[in-house]
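Below, subunit A partners subunit B and then partners subunit C, in two separate complexes.
So, the complex of A and B:
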């Protein structure tokens, strides 16, 4: 009986191993193809994915894999050499500039959004800070109706959060959020579904959603209207460069791809993702 | 007494209300997905590659990746799962300390959130074994995830086989292997299929574990070592990360639901076939 059960286990193990082996071989049959792995920010990933597709179409021997997971992961993966290029949806910090090379490929603004039925037209920076700290918890205190404010915040590790905190000089631990979200779209959906919510998302994405009839509106930040125009000309204070990063000075395929991603050839793709092309002069 | 209680109008209404609520929720979700998704589905949608980050174009490569991930997951987990179930049900008694230890571990594993499997898969399959972001990494991670479900339901299936069959086989002098392959496994097929359906259901719906293992690449996979985006990740990305991706998200969701219904129907049909065959050939009472 024991022998039988042993044979059975052996059978399973060998069959699994044969399965694995054949998988391994099929991948090694394509040595001529050069591969780039890019990981990081979910805001940048769809854009880089489209740029990569066009780059692949023009260079048939190249394969570019774009993975997502957030800016922090982009940095970690580049540092541990898991990825050739990382994506971060902000500028490199001073302490990162020594270790990493950053290349801006597009710009994006972060706008404060509320439900379109909300009568509030403008709130100043101090009020935003007070709302996010829970000191103001009713819309009537900032000129709205008598209703509790639902604060929507981004999850830890998201660049949008970091940028928001930096501009408003807040710490994440000070924020009393009722809803914590991950990706951009989740922000617009949460606010569109809650008349008393306040959140912050990409200006380009919010403009697109408003065009599509989603019931949200953008509030000015620091007195400047949140539009693609003000983000492009730099007058909108809460904007960020979408950056690709490398560990070493890029060369070869990596350099070619980054140059391609910064070139005018991809400006239509940048606009297609509701982002703002970045002019390198 | 009991009958009186059951027949009292309040409990009748309550029971009906609960039933209507449950089926109503299901019908609402299904109706919503069909209503929004049916317009987007066409042969072209099913076969072409996504364009413009998924806003337009189809889901061809994503369907292929999903199928491959599922095939790897099931190809690895079914033999391992059935093997372990045989060990637990046929070669160890219900009170054996080893069997109890394995069972307890499986129950704990079954309750582990999928993101933990994802992180494990990323650390072990993708990095330690060097498989990278690949369909293989994703499939193996899912295999680990569905193993507990598969094993427990296969074990239940085997334990459900009447002991008369084992005794009869022993009395006829059949070896244990023969008994296993010709009597017990065929008789346990309905139980195995339940496990398979639950496992496939969990695997095909998985998002969190796959982001870190099989990845986000929406290109047609050339081999199992390529990264491939699964349907569930595609739906998540379109609905949560891509503005204007909702139409295709609904289309993809409808495809996913149809796939699941098809798998369930096939399994139910197979179970019915095998159980009627089993009843015809092994009438022992």
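So, the complex of A and C:
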């Protein structure tokens, strides 16, 4: 065991040295380069990342750093001035409107997904509520085969979960889930691997995975097909605005970027992410 | 070792006036490094305590055990189901992995031809180097659907135990292999000259001699299993419930932190740091246990 502790010490020394090295390399910015830090929702980040790339291409003196970590992180980072702009995948709450400035850049829908071999074509809102509360626990009760339902829910604090709960007027403590997942991809993988699972993910993400051949399908919500088309024209009920936020009235570079993100110049990028462009006027 | 001291001709002692004292430099570099390392550990603990305090001061430790559920956004913070999840997954995997690891080390040391033993050792080392997220991904797309066919929903305590077993097996196998390797050659020669069979030698000579190393190995693997996050998060289902069977989903404390930290604010965030502090306490207890076992039962310590 003496040998073991020596090895540990070596490891610690090496890792400390690596740590010190990387400290020395940061902070080499030329003063003429302007930096913009954007953090927040993993749903909004891919879009903002694309917009940021195009913005950088048009303004060579600007560097934009886009980081994910969820809507809550976006809000926390903007409030503590860690980030210049935050990304949230929902509308601002009433109490947040007083403290923050929100700018909608696109809209997204949340779709209910099941395995593609599931014979069920449609379930109404009451049935979704009953399934998520555990009152219906077999697919045959909603016209499917005789098999227990695996309810897939999202982890606490995710904006997808909040929107889902709000639409179906549920509390998270009422939901009897069999699996709890983190991000959209884990959700589609879980449903794809379980013929009797039901879950909900971003419509854009689900459509992308379906195009990649993942065996899942989207069910209609409130009688409306869940496609990027219905999200785009606003008829799909379970949808949310993707918002960027700032602490103060944006000015300078921040204002330029937000105006750019809301302009028609980026609508192709928004559509490329299976989202609907949002008009401010 | 003291009797050797005057026989070693240390250059720093002989040529103090003419040569630069490298020993002095080395000692101080090592001291500073050790101080930095110690400070990092202390800072982490202080940081955890500071982040936990807002919650502990207002609500105390009670809500973690007495609230009806874990729903932080509704102000409910019972984390005992996750404590159980962590303990059951850890214990389950250690109970399965320990005998397997020890058997694999025995094969490597005493039964395999030298060339095959070396090749086998390299393979186990390779297994130890695979990133945990790879195991998790494999578990999610292969293991979970497999268990689902046996007993839905598939994402379960069993899946977690299997994945963790595969992950900690290399650790216990390599540590056991190293402690068998350190059993003095004379013991084995003595046993052979007494006409003991191979298995008799292993049972009565090797195991007692390697005991402390094996115990330390087990405790190291317990630490690794408790700390594992990504793989467990992907296969365990993450439902906050005390499992009643091996097919029930569980959420471990580490998975809980990984799932919710990025999205947590205020009391919720603080409560997650408290669970981090609880994990830290478990790891400290394990480290102390490992130390006590090594000191009290190591034959090497007794002899020297």
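The rule we apply is simple: the second predicted complex is superposed on the first by the 253 of 281 C-alpha atoms of A that agree within 3 Å, B and C clash if a C-alpha of one lies under 4 Å from a C-alpha of the other, contacts with A are read in each partner's own complex, and residues count from 1 in each chain.
Simple rule for what comes next: contacts are C-beta pairs under 8 Å (C-beta built on N, C-alpha and C of every residue); 3 or more make two chains touch, one makes a residue touch a chain.
On a predicted model such as this, the values are computed, not experimentally measured, just so you know.
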item	value
Contacts of A:69 with subunit B and subunit C, given as first, second, both or neither	both
First (subunit B), second (subunit C), both or neither touched by A:177	second
Greater subunit A contact set [subunit C / subunit B]	B
Subunit B versus subunit C as contact partner of A:235, first or second or both or neither	neither
Subunit B versus subunit C as contact partner of A:186, first or second or both or neither	both
Which superposed partner A:45 touches (first subunit B, second subunit C, both, neither)	first
Partner chain(s) touched by A:148 [first = subunit B, second = subunit C, both, neither]	second
Which of subunit B and subunit C A:248 touches, first, second, both or neither	neither
Overlap of the subunit B and subunit C footprints on subunit A, listed as residue numbers	1, 4, 9, 12, 16, 69, 182, 186, 189
Sites on subunit A touched by subunit B in the complex	1, 4-5, 7-9, 12, 15-16, 19-20, 23-24, 26-27, 29-30, 37, 42-43, 45-47, 49-50, 53, 56, 63, 65-69, 82, 182-186, 188-189, 205, 208-209, 212, 272-274
Residues of subunit A touching subunit C in the complex	1, 4, 9, 12-13, 16, 69-73, 75-76, 147-148, 150, 155-158, 171-173, 177-182, 186, 189-190, 193-194, 196-197
Residues of subunit B that touch subunit A when the two form their complex	52-54, 72, 75-76, 79-80, 83, 86-87, 91, 127, 132-134, 136, 175-177, 211-212, 215-219, 222-227, 237, 239-245
Footprint of subunit A on subunit C - complex, ascending	30, 33-34, 36-37, 40, 69-74, 76, 140-141, 144-145, 148, 152-155, 212-213, 216, 233-234, 237-240, 249, 251, 258-260, 262-265, 268, 294, 298
